[in-house]
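Heads up, the next two complexes both have chain A, just with different partners, chain B and then chain C.
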Partner chain A sequence: MRMNKLRADVQALLYLLPFLVIYILFTIWPMIKGVNMTFYKWTLIRKMKYVGWDNYSRMIHDNEMWSAIWHSVIFVVLTTPTMVILAIALAMIANRKSRLQRLYRSVFFLPSVLSVAVASFLGLFVFQPYTGLVNSVLHLVRLLPENSEIFWLNETNLSWIAIALITLWWTVGFNFILYLSAMQDIPDEIYEAARLDGANDRQIFFRITFPYLNPITKTITMLQIIASFKVFMQIYIITGGGPLDKTRPIIQLIYQTGFKKNDLGYAATMSYMLFAILLVLSIFQYWLNNRKGANA
Partner chain B sequence: MKNVYRVVSLLFAFVFLAPVIWMLVVSIKEEGMKIVTVLDWFTPPYSFAVYDQILSATKLSNWVLNSFGIGVVVTILTVIIAALAGFVLSKLPFRYRSFMFFFVLAGLLVPGEAIIIPLYQVAKDMNLLNSYQGLILPALASPFAVIVLKSFFDGVPNDLLESVQIDGGGTWRIFTSIMLPLTRPALASMAILTFIGSWNNFLWPFLSLTDDNLFTLPMGIPTLMSSYSEDYVKPMVVNTIASLPIMLLFLIFERQIVKGVSLSGIKG
Partner chain C sequence: MNKRLSLAATSLLSISLLLSACGGNNAGNANNGTASNESANNSGSSNAGTNAADNADAGNASAGSDEKVSLNFWTLFDGGDGANMQTLVDEFNKSHPNIQVKNTKLVWGEYYTKLITAVGNGNGPDVGISHTSRLPDLIDQGVVTEVDDVAEVAGVDWSSYNQNLLNATIVDGKHYAAPIDTHPFIMFYNKKLLKDAGLLGEDGKPVMEQSADGFMKFLDTLKAKLPAKVTPFALSNSNDDPYRLWWALYSQQGGNDIVSDDLKSAAVDKEKGAKAAGYIQKLYTGGYIKKNDPDFYKNFQSGTAAIMMTGVWATGTWEATKGLEFGAMPIPKIFDQEATWGDSHTIILPVTKSEDPAKRKAAMIFADWVASNGQIWAKAGHIPSKPSVLENADYKAMPYRSDYASVASTVKFSKPSTKNWQIRDNASFKILNEVWANKLDPAAAMDKLQDGVQKVLNE
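What follows is the complex of A and B.
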């Protein structure tokens, strides 16, 4: 493109301007401003006073924060491998030629379009004792004796299981679609050749399908770890972080510190802890994808 | 073996569908019925009375409209803004282009959740809390959309651009008559992803809104639920009204949505 150089620069800037203005105003500027907030006692009403590194030293010794981070880690560990396995299983179901093929695809993705509030409340009702769907079905098939109830949301371990199951049900659709489209890219000839060589279903899965999916599995795993670490809304609606804050994730603690305890400065400080963790994960993911020989 | 596959497949499908079916059926049950076994949920008497009640006595329908309206506005503006920026980064040589590219790329590393507290303060300083502008504006600059669209623009051959220039067309002509039409599938996919993201955006409305006329669904639904007693009919009517439109849209646009979601695998 031949053009007066200055004119070209100005023109490029004009096209970029809408993005830059909003990006700087609502991403870059808050990021900088937030650092400033961490050095203050800062309430919802106004900046109170300069406190130096107090918020940071307080954070290092704050058991509530460490246990909230721990809860987010628990959620990551519970949901990441299960998400990958479930997504592959569903994709295999929907990838098999059958009359119901299209129906499977719709059904497995359908929960993903529900609003987070709807998905969470449905999950909440499904896991209620006495009237919830899960306990009722367990009664019906006699896995649960008639006079006993499982109180899913009153006990920490069961709460985690319920939260993880609801999350899987609600969000697996996205990863399922990624796997399905990756599977459809595997050339049929490879399968045919393997069958001619007498390979069975198991061998075909572990020797062909799974290795082919390796790049997308890496991507999904990392994205899922990051997404799971940022969990908040399902847990907030389903257990409210309970019982006794035992399922409270880090974002909920940040929210409560800022908006319930009126301490935005300290909440901002914890946000940067979260930021640092996610940054390390993102950089690790970037490194994983761009290593020599990786092709995700 | 084949039958085992089939049974397992159907079982999965049933489990995935069960909560949605349950929601739909309970929503048309008459209120106050005694539930002894799971089968009682599915038997008559049915009634739509609660639908009238919810639609007239609550702001739920406003919130559905807010969610859709904000989603549509955010989607259109985000895609336009990202397309403009991606086009420049892909096809217009200018000073600092590689710096700009990395400046945008770095945005992928900034999780919205981690800057939500200072964003609240910034929005407050700008008087944006409790307004549609405050809900919409912070969502419009998506580095992810810019980077993805840039990579699609990269795929448009430069010969095509030169032919427009030979005809005397300027940059704007190139953008509107070559770049946008040739990348329509990518733009559509990006639009779908953006809409789903906006539809499910919870944290920002949750922090920035107190006026219930402006609520979106993820904000509004919990406030309704807390006021209902044991009975499930009202909550399920709320869930159904909030979900039917989006489920219908999904069934109509399923193919495009699936394509759009496949695109998100590029992320990272």
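What follows is the complex of A and C.
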């Protein structure tokens, strides 16, 4: 019996081996090697110098790093709650019995199939001055005087709005699908009973739908926070981190430090800072989900 | 109602199909790219084969004095530049049966990273390209070799080069590269619009007094006389081009780079820097330059901007634009002396494992030959690095180029700091961008620039 179990384990390991080798070689080993790199001044061609904890003390005093982290936090704060609300709203619309149900589902999900570059360039065209869609429409309805322009991508606050809107439009589809399937799992009898008892729409939403969606909301929130923290491409394409680096997220700073400034050691150090932040968030999520009665 | 919606749905779906088709195409293109590369390689080797055959024939006659050398050449050119370089390589291979150069085109954005890592691994090319401003960094990283000895063997006459361009490639008294061009920052103007504003002379050149007030008055007239839709001066609102203009005006006052001669500390001449920055700031705030113009190239190209300043590489683009009547000239002398921003493409001999003398000699012969045949290279707009080429009939036959060829001697290069590009990207661009956006006063900007450059140098 015991031998059998052992054999099964060995067999399983054998099947896993091809994956494990690659996983260890390209994921685990670089992670370990990365720690080593943080103690060196390390350029692209491995001109290395041991610098001890220098990279770490430099990081603590590096205003650029802290502001880049702050920008990532701003992005998380801007996109997470709005994402949840928007996804629920869209799911509610698509879950209603209507002849357009299919249309809604495909339309809401469609942007998600775009690649980040396509979505970002569309955003760029929509928000650019003089010829962009947003400004043109504002001119058309005369909300914006003819001779003035809104420079969406040149003012810090407006850039954040533009980036957040593009990101929401592009990524909401996935969360929308998650909510939609969760909503379809809610038994119809409960709604029927509520209606019989005379509950109105608001009561039904806040007393039935929303509580039932609670577990998936938690998951989506956490996934969204982590994904938003790792934001890079759309900001890089749309504003390039500007104006004046005021929308530059931490990943962009790491990328620039490593591959533009040729300073891989310091870039690795900052990567571990980001890793630490994400680790804390993940532990928090784990704790949240495994609390007693978390899923009640 | 429903019909319309379903129509909308169908069109949306077809758009999404189109988009995904685009994605598919891209992947297809990538594949095609590698495929064509491979075929290019194949044809290259088959070429080499026929050449070798030719060679064998010729060898009988010349008793095979030299062994055949093949060189791996890495370039960062695409578009017109890429085609012109390929022409040069092909011509060279034809006229030098004993040396065969294989041109590998890399993407410009990744070129230096790839070059540095490849040389570091011992897989670098025999010949490569570097910008003059990048040379010091490549030398410091141990990527480039000095070429004095091999230049002598190859019979390179350094005095045949424009000395201003050549001197910028000499570091610590040693030659590290053969410059093949300079691509300075110059001014272009739309002849039709200037004529409408009454500012085009009989000779087809702008009527403008070359001074700070004169240029401002010129722009004033353009703004007043031309329709409101026309931009007097098409210029980017951030990064490269306005920085180059600042560098030009700073140098016109005698400003000598923003790092000290020993390259260890920041040395911003604040008075001159602030004067230059203040002048350019006025161009933005005075409404001569279109605010946050998303596409300043297109603005000039479509004939809706009267003047424009950018690198000479735009010449080829404007030439290919139908219906654009334009002229080219050096940046006006706004302050005391003529000067502009510029950089050069140079041919370098990267560090290789074998350091084969025959290959190095062949590479140097190739580099000097490319510089001597600058009339082909000048098609894209660059100014050839050898004054003799300026007298070449083919060069003279090309319009526009001669109007700005003199600039080669007034280009103010940056000092050979290993941090040139970092200073530019992480200090100059950022701080000056704030000035252009009218968020920072020019004098305060110079204090910030001094600190910013020092910070980059300390890192």
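Basically, the second predicted complex is superposed on the first by the 284 of 296 C-alpha atoms of A that agree within 3 Å, B and C clash if a C-alpha of one lies under 4 Å from a C-alpha of the other, contacts with A are read in each partner's own complex, and residues count from 1 in each chain.
Definition applied: a contact is a pair of C-beta atoms (placed from the backbone, for glycine too) under 8 Å apart; a residue touches a chain by one contact, two chains touch by 3 or more.
Because the structure is a prediction, the values reported are computed rather than measured.
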{"item": "Which superposed partner A:Phe275 touches (first chain B, second chain C, both, neither)", "value": "first"}
{"item": "First (chain B), second (chain C), both or neither touched by A:Phe259", "value": "both"}
{"item": "Partner chain in contact with A:Val126 - chain B first, chain C second, else both or neither", "value": "first"}
{"item": "Touched partner set for A:Val107, first chain B, second chain C, both or neither", "value": "both"}
{"item": "Touched partner set for A:Ile93, first chain B, second chain C, both or neither", "value": "first"}
{"item": "Touched partner set for A:Thr43, first chain B, second chain C, both or neither", "value": "second"}
{"item": "Chain B versus chain C as contact partner of A:Pro243, first or second or both or neither", "value": "second"}
{"item": "Touching partner for A:Lys33 - first (chain B), second (chain C), both, neither", "value": "first"}
{"item": "Superposition-derived comparison: chain B or chain C, residues of chain A touched", "value": "B"}
{"item": "Which superposed partner A:Val118 touches (first chain B, second chain C, both, neither)", "value": "both"}
{"item": "Where chain A meets both chain C and chain B, residue numbers", "value": "100, 103, 106-107, 110, 113-115, 118, 131, 259"}
{"item": "Residues of chain A that touch chain C when the two form their complex", "value": "43-47, 99-100, 103, 106-107, 110, 113-115, 118, 128-132, 149, 151, 153-154, 242-245, 259-263"}
{"item": "Chain A - residues contacting chain B, complex", "value": "1, 5, 8-9, 11-13, 15-16, 18-20, 22-23, 25-27, 29-31, 33-34, 37, 42, 89-90, 93, 96, 98, 100, 103-118, 121-123, 125-126, 131, 133, 136-137, 139-140, 169, 173-174, 177-178, 181-182, 201, 216, 219-220, 222-223, 226, 230, 232-233, 237, 251, 254-255, 258-259, 264, 267-268, 271-272, 274-275, 278-279, 282-283, 285-286, 289, 296"}
{"item": "Interfacial residue positions of chain C with respect to chain A in the complex", "value": "2, 5-6, 9, 12-13, 16, 19-20, 22-23, 113, 116-117, 119-121, 141-143, 237-238, 290-294, 422, 425-426, 430, 433-434, 437, 439, 459"}
{"item": "Footprint of chain A on chain B - complex, ascending", "value": "1, 5-6, 8-10, 12-13, 15-20, 22-23, 35, 37-39, 41, 67, 80-82, 84-85, 87-89, 92-95, 97, 100, 104, 107-111, 113-122, 137-138, 140-141, 143, 146, 161, 165, 171, 175, 196, 199-200, 202-203, 206-207, 217-222, 225, 230, 232, 235-236, 239, 242-243, 246-247, 249-251, 254, 257-258, 261-262, 264-265, 267-268"}
